[in-house]
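There are structures below to look over.
Two complexes come next, and they have one chain in common, chain A, joined by chain B in the first and chain C in the second.
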Partner chain A sequence: SPVMEELITFHDHAFMAMSLISFLVLYALLSTLTTKLTNTNITDAQEMETIWTILPAIILILIALPSLRILYLTDEVNDPSFTIKSIGHQWYWTYEYTDYGGLIFNSYMLPPLFLNPGDLRLLEVDNRVVLPIEAPVRMMITSQDVLHSWTIPTLGLKTDAVPGRLNQTVFTA
Partner chain B sequence: MLATRVFSLVGKRAISTSVCVRAHESVVKSEDFMLPAYVDRRDYPLPDVAHVKHLSASQKALKEKEKASWSSLSMDEKVELYRIKFKESFAEMNRRSNEWKTVVGTAMFFIGITALIITWEKLYVYGPLPQTFDKEWEAMQTKRMLDMKVNPIQGLASKWDYEKNEWKK
Partner chain C sequence: MAAAPEPGEPKERKASCTSLHLSYWKAFKLLGFLDVENIPCARDSILYGSLGSIVAGFGHFLFTSRIKRSCDVGVGGFILVTLGCWFHCRYNYAKQRIRERIAREEIKKKILYEGTHLDPERKHNSNSSN
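Take a look at the complex of A and B:
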């Protein structure tokens, strides 16, 4: 989904910044360990201190701006036309489609012995969640017993199922 | 025997400046509460005390000769005076060693032992892989994932050419 693409790009950007900083620190460490200089009397270094205060602030701003942009992108209003409730148990999900008549079912993972040839182990379930395409869906997620998390990685969705709390995520499949 | 040793120890360190009294030349007073000690350090070129603390008779004579003009000293006498003052020269103290070979060798040896343990574990402890790791199963799985167009933008389905029905070059 577009949001996930943004997230991937941001991750690449933040990872590059992090790699550059780590490489710089590693270089500084190695040159400190292998230097031949032995001056133990350095007291004042005003110019360098200014630089290494301002430069990290700039780097942090460069990381924070895309991050905030994506954060607000994910909270866009898109007026969902459909609501599904997803309740986590140990260790299955219960889905409720109650907008236009009641449909409630449990969704258990298929054990490896029950897999049809070519199925994905640990991912196949007996009753799947069916979503309408290109319609905004509101997903209400909660849990009956312990903390769970409901995720579709390719759509950039992850919402925790907290017992006693109803979390909401809106997406367009 | 022990008592005499203790008394001589106490006697020698009874006064804080006794090190200065006993030394044959000047001793640097340390600002922290350490007794002056000799160190061979690159960043402390002139240690607090000389290396040789108790001079033999010939060394004492040499020290007397040092008080005269230095051009009258021979090369050997200059080296002898240096060796009284310092234990190792800068070149000797900075020399490389072969310790790294020992360290790297030992580390690789233990990594090898770990590899042997893991191989034994795979042969005798672990059960067989689930059938989903068979080549045929994986092929069916991949075909199904391509039919579903999994990750079409940057992931799996983006690497498959749907027109020619083969992997993209």
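Take a look at the complex of A and C:
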């Protein structure tokens, strides 16, 4: 999904920054350990201190701005055409399709003994959630008992199911 | 013990040095965590950065004969060249993905509306003939 693509792009960006900083710190560490220069009378180094204050601040801003952009991008609601309610239980999900009729069903995980060859262990269920593709879908998520989490990793979705609270996520599959 | 394959049945692939070498190569991560294989532009940036580091460090050493300072210049060159290549490559990669997405959507629209009054090619042809 577009959000997941943005998340992957941000991950690559932050990963490269982190790798270069790690490399620089590693080099500085090795350089400090192997130097023969020793001066016990250093009183101040204002230029160096200015640089190593401002430069990390700039790096943090360069990481924070895309991060905030994605944060608000994931919260965008763009006129969803379909609403599904998802209720977490111990240990199954209930899905309600109430827009066009009153379809309500439970979705239990299939135990390994009931799996067919080629099925995904711990992921296959008896009744699947059917989602339209290329249409914005609103997912209302809550819980009946304890905290759960509703997630589709490949779409970049994860929303907590909190008892007594209705969380919303909008996505386009 | 495995049964002998029947005539016409494909033979089992045996592990070979080549496949083991390839599987080891696929798991390679720089410094143990930088996945240069699967992140777009990472491999090219690191390679160009290494080249820039060697050129800058060695060039500085040739002119000054100072080892420590040349190493510092090499590290600085590595960081600058890697960052420059990274941003340049990612910018082109982003432009390419946008072009791919536009092309995909235009193909879908063309398939959907071909022969109807909403056909983009028909509109374009009628505008050019007018």
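Please note the rule applied: the second predicted complex is superposed on the first by the 172 of 173 C-alpha atoms of A that agree within 3 Å, B and C clash if a C-alpha of one lies under 4 Å from a C-alpha of the other, contacts with A are read in each partner's own complex, and residues count from 1 in each chain.
Just so it is clear, a residue touches a chain if its C-beta (ideal position, glycine included) is under 8 Å from a C-beta of that chain, and two chains touch if they have at least 3 such contacts.
Computed from a predicted structure; not experimentally measured.
Once the two complexes are laid over each other on the shared chain, residue contacts for A:52 go to neither chain B nor chain C. In the superposed model, A:20 lies in contact with chain C only, and not with chain B.
On chain A, the surface patch touched by chain B in one complex and by chain C in the other comprises residues 5. Residue ranges of chain B in contact with chain A, taken from their complex: 42-43, 130-132, 136-137, 140-141, 143-145, 150-151, 153-155.
The residues of chain C lying in touch with chain A in their complex are 30-31, 33-34, 39-42, 45, 68, 71-72, 75, 78-79, 82-83, 86, 90, 94, 97.
By the touch criterion stated above, chain A contacts chain B in their complex at residues 5, 8, 38, 40, 112, 115, 117-121, 154.
Remark: chain A residues 5, 9, 12-13, 15-16, 19-20, 22-24, 27, 31, 35 touch chain C in the complex.
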